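Each chain carries a letter (A, B, C and D) given by its place in the written order, and its residues are counted from 1.
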């Protein structure tokens, strides 16, 4: 078990390192390719030549890429001092870089944005699990019923509507639509949970719905298919034949078979969403990781882009790892097979 | 097993699937809808000419006083402009949708083709050869799956998009980025199928006859992958459509004066509380297309593999 | 050239309209003064004091160090805490009339006294001036503030370019001998003399009739040597004005409180009312609009509202009554490069001027509330602006005169048009501007392809490098241009002065070196301010005749003010509210 | 008679489990060797090792004068013409995407053989030979019945006129009524073409019908190998006895007389290091007939296959 655990952790770390190397390389090479001003990319200021030279010197643009990468990575552990050619700043460990446009360490910005994304993701996950799995189970149990057909149609539509379109429709209806639907006449504005829990919840509901609609549809389809497959297995037929109450059969056999794929999927989806709910956060202008990254990308705030991409990969990999470990604990075959 | 009288015409599995598909009314309807959309976009210039619309700017239809929003109700809907006109440019929305469909479908199909080709190549090799080949290829796909793909695509597009001008290059970059990041899903599926197939006895029979790896892959295994690949491709197209829409929506994909479904939705995201119709029509087009693709994909899957439902 | 206030009305970043509702028509309490009232007079004049003014912004200043900022909204904010020898007036007087380019004394007792050839300028300081530290403000502090600008390795980003070679001898490459107070060991800048604590004399290397305008730039504010922290001065600015920065969280918020050392008796420009001013920085412009609308913020510190809120304001009488629509000072214009194929012929350049669809361009820039049609390079706020001139009439509806354009094309020998390349940045509405030009010129057969470039390098090394312009065969370039001070010198001369052609970073983008234009610029250098207007009007006319720059709009901001704000007045030079004099009616 | 196939001390491990554990036997030209045993005893693995569809862990396989157990696939290819296999599952062994014609033409294509009269004629001839209608050339496997499919499999194996055909349970997936037809077909073909078979099955009756000699496998080992008549008449290993006693006997009178040998107990867990006779846990003789000294021998000493030309047996205390 220990070997399995260590193996998975080593694998996950490899992935993070690969992602960070690729990210780093791309954002180092890109400005060179486009002929843009490197110092500008790093500091976001229309720098004078002297200033640009000072920045280049401080960041070591002249050094080989592997050395620059090493400096960046060791900064995460040891912290580093940075400069935009004017202001010396200290970026304490763990230093993921410093945004001179925002005059803040990247980690601090990520730390501030993460709770927003966490709230969005977890809230939506609860909703989609609740509705998705329930609808899937009911559909499978009452296969062919009106409910099943309706759920199938709704879930198909659900997976076919882009979440930003749902989002725009919702925003339109809730802020500018017919009077009886205009529940948010002042707009949907994010409020931190610690400041105003009720306001936070009210603001979260529309984006939750957008995300949950999409994922609930996916989960309902998956649950239904898995349940149906399981219900056709011999041991479940036997259970029916034995005259066990439906609740027991569904609960003991059906749900047990549905759980592993759902756990896997939840892990992956939550991981991916934590890495950045870009579309929804941008549309609703919630100050989460996704919007942080998106704004950094469009304003070419390089340190932030690198920081968020690496943290995003870390979250995805971490979620994968948790799923893997859960599997290892739940299913001894897995750890033996590896 | 015995007993049934075999008809004279050979019923290949594909023919049987086709027959089942034809009986699936939902799938047939979806296919018709898709065919209409593809035909309309392919013949966009002719259709526009027929309807008397074009993608020229009609500034005279816009309010100079109101930030360039169309004059008149419902985004400037009129007999001349059935779906209204685009804010700020006055271009006919229907014409934009038709031309935008070309870009969106081109990108979706191109990216799907790339995903499928890469996925099949990786999956075939990983599944058939196993061992270190499998380890290397599977790990590569795992790493790609762990990428924060959307963020990464945005960043790549910002970087690559600034290298040149014009939507031609952007279209190509979009196809490459979307297609590349999508291939591990196809690759995993193909790998699983190959692993299952290579243990089948007909593969052993071919080996017993002395068939080479290439012949086994090409003649024995690949024909059996056609239907899962076809199904996965059909079900992949909608996700590629949505990916293009998402990236263009965020403003890093197709840019004006070029147009695509995502670009239109992205432009609409600035102004949809003022002109909701500008958001509604492109959005509905995406939904209908994606839905039709999904329904057809489901139908194809059922037709090829009647056991699952 | 002043940087455009970030995320202003012309910037079309991806916006989400979450915060906006098109149909919320509920009346806000308070007396609405009416649309554009602040352009006509002071709105809500009041003598009530106290309370907090809550400002919002979408980005932090490039620097709060007066010497290191080059951003319109930051220059406006500097007025809260720093003073200069002279200043543009803040009236606070309902009966005042606005005069373009007017200046009043601030720290000095009067405007500068100069010699005949405008090379020596002398100012006398008022008495009783004090810094927030309690120290007296002397002529040495003003000189020290100047000297810092020469330390370009420590302090950069400000308008130092005006001063470096004007107040020091430069070598052939344009580098001054003086290296700033941190490196200099020889007693400072010799051309600035401070015979006593109240007197300061500037001895210029060349004639400069506009020197008073330079003395109104925030970069000339006094800095006490004892408090100078070099590159980090942005975090703690010693105030000479009525407010002092008391809290600053970079990128998030700034708070100013009253400077107890400042005395109303020494200041005729500022009449502060509130006790405290806060600036909340929100990264999303729509969030800012939402907060303006719901009243949790009073004003935007700079720039106009976003298109969605703009549309909302215009469709609601109650909102509109609390909005103003001043000219920002920015001019949208195109450089037409005579170095490009075909465009070496003036008739081909004129064909472009006639064929442009200015109505379309204005729509792209926010419509009639985003700007006014422009026919001359000098904007209305700059003396010399000729409201009747229109060298290339675009027809009654400003959509272009295609017949004239075709006529010019035939005269150019290209009756079927020609191909050319247009450069534009990737920010703001530049891509839409390009699309508009492309569509408009296509009407007369001129085919335009685009070259987009990152804004970070666009002005400096892309269109600002003549060799690059030639190599890329650029024919047209989109430019956003604003005067640093309301004179043709700080604006038009930069564009056409033959002496300003450089390998990189030139502002004479089209590399014009014309005796007529150079002669006019030279004349303006020594002419009294009163005569300058006429000279620049002629310079404008001559430039337009050559069709090397074609203006298309004078930008306007749509500003929204909370009804509770009193003494609302506009600064003609910046197109912003004069923040320092504002009060709040409810005293909160 | 020469030895066409000679297998010596063949072993195969699957991840620590020894599926085939030192198997040796020969198949002579023109002879049919039956290989019987319960499912999981390693007989199908042996069939695949012999045809080199699996790599042996150790041991040698000598076919037609070549020691093929370490041959590369390239060197093996020409030999494969002479060494063919018929699989158990006629559905799985035929590519569902290929028509009968394609399937039967594959041997010629793969081996680069141009049959006289052309491929198509050769295929039609093959189909006729195995009792299929040559007009069904374009049909897909799913359009044939189970027995017809197995005929297709047999035809494919015979296309190149091999010397040895390994039949891996060729009839066990078929209905009882069809089984006899296919077995008879195999017998006819053997006689017609002078084939040798390694006939793998779990059904003693089918094996008896075809084989000249019979080898009985138990847990990866051959426990008894003898002439068919000898073995069926007088099985010496208790396991063989047990297998034979399970064969249904049509004559009720005979059934009355025959003693039923019941196997009780479990075989040792796979992977467990075997000490002594691996059959003893289920051996009726060990349980009922032997004394403690004898049992002690069974528990400590691994019985080896005796080297007896008339019948070899791996048992310390075989029946006479």
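Throughout what follows, contacts are C-beta pairs under 8 Å (C-beta built on N, C-alpha and C of every residue); 3 or more make two chains touch, one makes a residue touch a chain.
These numbers were taken from a predicted model, which means no experiment stands behind them.
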Relative to subunit B, chain with the most remote C-alpha centre
D
Geometric centre: closest chain by C-alpha means
A
Which of B-D and A-B has more C-beta pairs touching across its chains
A-B
Separation of mean Cα positions, subunit D and subunit B [Å, integer]
51
The distance between the C-alpha centres of subunit A and subunit B, rounded to whole Å, is 23
Taking each chain's mean CA coordinate, subunit C and subunit D are separated, in whole Å, by 94
Once you find the CA centre of subunit A and the CA centre of subunit D, what distance in Å lies between them?
57
Note the residues in subunit A that touch 2 or more other chains, in rising order.
34, 36, 171, 175-176, 282-283, 298, 300
Multi-chain contact sites of subunit C, meaning residues that touch two or more partners:
14, 16-17, 20-22, 454
Listing every touching pair of chains gives A-B, A-C, B-C, B-D
Residue numbers of subunit C touching subunit B in their complex, please.
12, 14-17, 20-22, 307-308, 310-312, 314-315, 357, 359-360, 362-364, 366-370, 399, 426, 431-432, 435-436, 438-439, 449-452, 454
Residue numbers on subunit B that touch subunit A, as the complex places them
142-143, 146-152, 154-156, 158-159, 162-163, 238, 242, 245-246, 249-252, 265, 268-269, 272-273, 276, 279, 283, 286-287, 290-291, 294-295, 298, 308-309
Across the complex, what residues on subunit A touch subunit B?
11, 14-15, 18-19, 23, 26-27, 30, 33-34, 36, 156-157, 159-162, 164-165, 168-169, 171-172, 175-176, 225, 228-229, 272, 275-276, 278-279, 282-283, 290, 293-294, 297-298, 300, 305, 308-309, 312-313, 316-317, 320
Which bits of subunit B are touching subunit D when the two form their complex?
1-2, 6, 10-13, 200-202, 204-212, 215, 219-220, 223-224, 226
Of subunit A, residues touching subunit C in the complex
34-37, 40-41, 45-48, 50-51, 54, 85-88, 99, 101-104, 171, 175-176, 182, 184-189, 282-285, 287, 295, 298, 300
